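Going in written order, the chains are labelled A, B, C and D, and every chain counts its residues from 1.
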Amino acid sequence: MSMPKAAVATEAGERVLTFAQAINEGLREEMVRDPRVVLLGEDIGSYGGVFTVTRGLFAEFGRNRVIDTPISEGGFVGAALGLAITGYRPVVELMFTDFVFVAGDQLFNHVGKARYISGGQRTVPLVVRTQQGSSGGKAAQHSQSLEALFCHIPGWKVVAPSTPGDAKGLLQAAIRDDNPVAFLEHKALYFTKGMVPAGETLLPLGKARIARPGEDVTVISYSKSMELALGAAEVLAAEGVQAEVIDLRTLKPLDLETLLASVRKTSRAVVVHEAHRVCGFGAELAALIQEAAFFDLEAPIQRVAAEDAPVPYSRNLERAVLPQVDDVVAAAHRVLERRP
Amino acid sequence: MSMPKAAVATEAGERVLTFAQAINEGLREEMVRDPRVVLLGEDIGSYGGVFTVTRGLFAEFGRNRVIDTPISEGGFVGAALGLAITGYRPVVELMFTDFVFVAGDQLFNHVGKARYISGGQRTVPLVVRTQQGSSGGKAAQHSQSLEALFCHIPGWKVVAPSTPGDAKGLLQAAIRDDNPVAFLEHKALYFTKGMVPAGETLLPLGKARIARPGEDVTVISYSKSMELALGAAEVLAAEGVQAEVIDLRTLKPLDLETLLASVRKTSRAVVVHEAHRVCGFGAELAALIQEAAFFDLEAPIQRVAAEDAPVPYSRNLERAVLPQVDDVVAAAHRVLERRP
Amino acid sequence: MATRPDLLDLYRMMVRIRRVEERLEALFRSGEAYGSLHLCIGQEATATGACAALRADDTITCTYRGHGAVLAKGVPVGAVLAELLGRETGCCRGRSGSMLLTDLSRGVIFSTGIVAAGIPIAVGAALSARLSGSDRVALTFFGDGAVNQGVFHEALNMAGLWKLPVILFCENNQYAEMTPTHEGTSIERLVDRGAAYRIPGVVVDGNDVEAVYDVTAAAVARARAGEGPTLIEATTYRLTGHMFGDTQPYRAKDEVESWKARDPLLVARSRLQERGVGADAVGRIEEEVEAEIDAALEAARAAPEPRAEEATQYVYA
Amino acid sequence: MATRPDLLDLYRMMVRIRRVEERLEALFRSGEAYGSLHLCIGQEATATGACAALRADDTITCTYRGHGAVLAKGVPVGAVLAELLGRETGCCRGRSGSMLLTDLSRGVIFSTGIVAAGIPIAVGAALSARLSGSDRVALTFFGDGAVNQGVFHEALNMAGLWKLPVILFCENNQYAEMTPTHEGTSIERLVDRGAAYRIPGVVVDGNDVEAVYDVTAAAVARARAGEGPTLIEATTYRLTGHMFGDTQPYRAKDEVESWKARDPLLVARSRLQERGVGADAVGRIEEEVEAEIDAALEAARAAPEPRAEEATQYVYA
């Protein structure tokens, strides 16, 4: 894969970039702007990262800004925390989200709690970039989606973009945010393409986007599952049902207002994600929506998510465990049809 | 603290024991019955565990059955997995649930997935005993409640008893179960007392208990938060409201049937736990109940849980962050009064 | 100590591994196998020599680069190929794929995709042997990059403390993914880390299958005799990329070529020649292995995929 | 290298720490302080000697047994007492309590209740100094039990690899909770683990505050000069239980008594005497420290508790 030269920050206009290129450009521009931004991770240096996201940055910024680490996730997340509380703005790459469990103590007992337990003394401008989900056949230890964990333990903001443009804009905002941000990429999105603004592209954290307007049912999703939501909306449209599809973009803080406005309009909601259903982020969404809009709802909120099984290897098993467009359509049918 | 001699397995009748004594007795009886049951953990040997739970077991069973480990949670959970898949039935003590994050990779990427990824070859009869929650002032890294994490990642059963009798019965069932079981004790329950049967006390995993029958509102809880649920029920009873209080006992597998039967009767539900609200187990309960009983509900399900902040040290801050009886009463009022 | 196996048998196993790996690469190229693929081409002597020193009831844990070790421990080619084709007849019924191969009946108790995570599991298996009074040993394979991971340290500390019958087998193939070993740690010989746990260490030429057998057999004998663990560092090289798709910009062609000259199959073949084994015997092995793989592949292709309705089976017992 | 501070000043700090610890124990007994309490009585010389070798802008990370180090780094007694009384005037506004004390303005960048977890954070602070071109150093305190935890290994590997200006200070107080050090690891001298990372190690009498100062100052000088990390093992003993409430059934009274005879305050006092410092000067210190603590405690008691409405403040910036 070859990468176009990243655009100069002052250059106007949009270009088509891949998701990986958009993140690369977002990182690069922030590194140019702010010398305190440093990257840490495995194979991110001269190799440019196993998903190509940091390509060219080592050559441009050198080994003091792009730091290749040993395979010691707990150690280098801890080191990043030490950097963050002494004036740097580290961006850590955890190669797979599954390794969150290797670095869990630093992430959840330390990074997320660092500010609060110091009574506000510490500021922790630390971004963890990682990639989640399935790209087919990577099986149980390389296909998980762990956003619920980052949302459950206080202290983290959680971002999960679905398009290259959002990825760049949200990443730049995440790097400038003074809090720990879990920036959750999706491995199957890296080589998808989309329009990306050149130069500084700040999108506020905590703002959802109405990806497709509609009147009949609200379909809420984020990250790669947006493909399922939009795919289902197409199918439903052919049936005459207008789904309003919302891309959360940020899970924490959550743009509840946008969600509720839509649900109040449609009276029906379906939430879609690739993470496991049980105690997934969809449970939080369902709980919140029914708390706030119970009397506006015509049907129970439906969750479309992964089954309660590790992600299997074999293609057809994986398809059975992970949510598909058909499942979203079926859930929409349920909320539309089910009247007592 | 002195411990009464554990009762002989054949002796009938019930005695008053503390929660810690009940678990001790449950462990002891299982160790007598089955030589494959071995204990691993920090300071569990001659000292008997920092919460006194393993007292006397080292003296009785010796160092091959009660294994004091170095402070290496990832290492000894991994070793326990190695034991479990080669014929033993290890019971691991993780001294505080907060250390789940230190051993997260073994717990969630290995133990929980071991059976599935082997296509059913491996059987993993492994219990992790740990203790959660607040006993006052232990602050952010020693007061967490992490049941949602064990429920989210497939492969674990999750038990959270509220009484000494349940603790013994569920522990014995957990040890005999052929799956990984997270047995979540609560540090503030250890010295509470209750009736405990002598001898084998098997309670099936996955069966909730109606702790207090009622008609007007269903209050669902587990572990130490049962005190809040029952306390609120008293307050409500004085107001003429009959709350039905359900003790889940097992979170996974969940006894949805018992829950739904109650909610269908009362049309109102409040869920109560000490873990953080955001993406907590209460979100799953709310999502499930509204999915299955939406048209029976008269009001949105309410969640009473910890705020989105680490557990603070100072007493009055801690009280403000963690749920209190008043919060449960207020939630019940909301579901009772709120009609459109 | 057991007598060293016939070199021709060791050679046959190495050829089997090499040919299976090559076949898997082709299957990936065609899309019949998928996900991720970490080949051990160039490292066949470590898996083969080490497993040859084990009994059937001894256990191993492997990494994602574990096809070789799994085969060397006796898992049939067909069970591996069927697994990577996602078939119900795979050793894990299509649930594991390449990285997580298990066959309890052959003592392959765990393969893991998480760096270093198999080490404490093997320590547990060794503890299990000790507790049950068996003289069984546990061997765990891991890479040079794994020695910087926390559980490596925790597991070796327990192994040393409890003098467990475990063989800690480090395949130093000079790289952790794209990063040279010596950019990950400041010590020269990884095996020197053993001293931090009172575990004796030994370095061996990992491309010499007999040398690997010898040091492993000695470590196994020590372990069976109750003398505790041994850390083995086998110096070797992976001749292909870290994973399918790796174009290897991070290393010089020269370097690869110099290791190709020490390809473990070449080393064994020239030694066979020295010992007077004829080219025909060696050639026959090639043919037999090819036939074995052809048959296994055909059977795997004909086998059913797992049923979608059973996707959540085996989560719980 | 800086000149060694006056022993009387070091002694004053040790007395301050001892008396604060005793006061805290009483406050726990009465319920004014709560949660958990890990005293460093008997270990005052390590915190005092080590921190005396640091500059104000050098950083430390501490454990849950960190009151001594925090005071030694210059945090006022009042800020610590107010914190343990759960007051808004505490160094962490009542959010941290005993185990998590932080005072960025004094370079106390982290105290943690998780064994060994401060070590990588200190490595990060050292990396920060390196990147910013400062000759600041980072020192991290941890116990003998911490050397068996994974992040100890990971952090030391990074420190050695990158030759960072970090001082790895192990307080070997002979026990990890109720378990003797040598039931947790098979090596005799913990400091020998340094070799696994090419980090030089030194053992020091942790009850001799001047000896502790000297080795730390040497390590600091090395670090400032860009020569990399040093692992220090200070041999010491906690004279009280692991935590408030520990009745210490696990150790013999003899053992405790023999260490009491080597109480670091005694050692310093007799050395002062040898050097001709009068009993009155020493006595005055006691009085001044008591007065300091009395005043601090009074102020802490008078200070407001944090407001319940602000319970979720400081989660996010």
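Rule of thumb we're sticking to: a contact is a pair of C-beta atoms (placed from the backbone, for glycine too) under 8 Å apart; a residue touches a chain by one contact, two chains touch by 3 or more.
Here the structure is a predicted model, which means the values were calculated and not measured.
Under the contact definition, subunit B and subunit D share the contacting chains A, C. One inter-chain figure worth recording: subunit A and subunit B are separated by 31 Å, centre to centre, where each centre is the mean of the chain's CA atoms.
A straight line joining the Cα centres of subunit A and subunit C is 36 Å long.
The centroid of the Cα atoms in subunit A and the matching centroid in subunit D are 40 Å apart.
Residue positions of subunit A touching 2 or more other chains: 70, 72, 74-75, 98-99, 102, 105, 109, 116-117, 139-141, 154-155, 308-310, 312.
Looking at subunit D, one finds that residues 92, 94-96, 100, 112, 114, 148-151, 154, 157, 161, 183-185, 315 touch two or more other chains.
Chain contact topology: the protein chains form a complete graph, every chain touching every other one.
Considering their complex, residues 98-102, 104-105, 107-109, 112-113, 116-117, 139-141, 144, 148-149, 151-155, 252, 275-276, 278-284, 286-287, 290-292, 294-295, 297, 299-303, 308-310, 312, 340 of subunit B touch subunit A. Interface residues of subunit D facing subunit B in the complex, by the touch rule stated above, are 33-36, 83, 86-87, 92, 94-100, 112-116, 145-146, 148-150, 176-179, 183-185, 249-250, 305-306, 308-312, 315. Across the complex, subunit C meets subunit B through its residues 59, 90-96, 100, 102-104, 109-110, 112, 114, 117, 119-129, 131-132, 138, 150-151, 154-155, 157-158, 161, 313-317. Of all residues in subunit A, only 38, 64, 67, 69-70, 72, 74-88, 105-106, 109-110, 114-124, 154-155, 157, 177-179 touch subunit D in the complex they form. Across the interface of their complex, subunit D is touched by residues 148-154, 157, 160-161, 163, 183-187, 192-193, 195-198 of subunit C.
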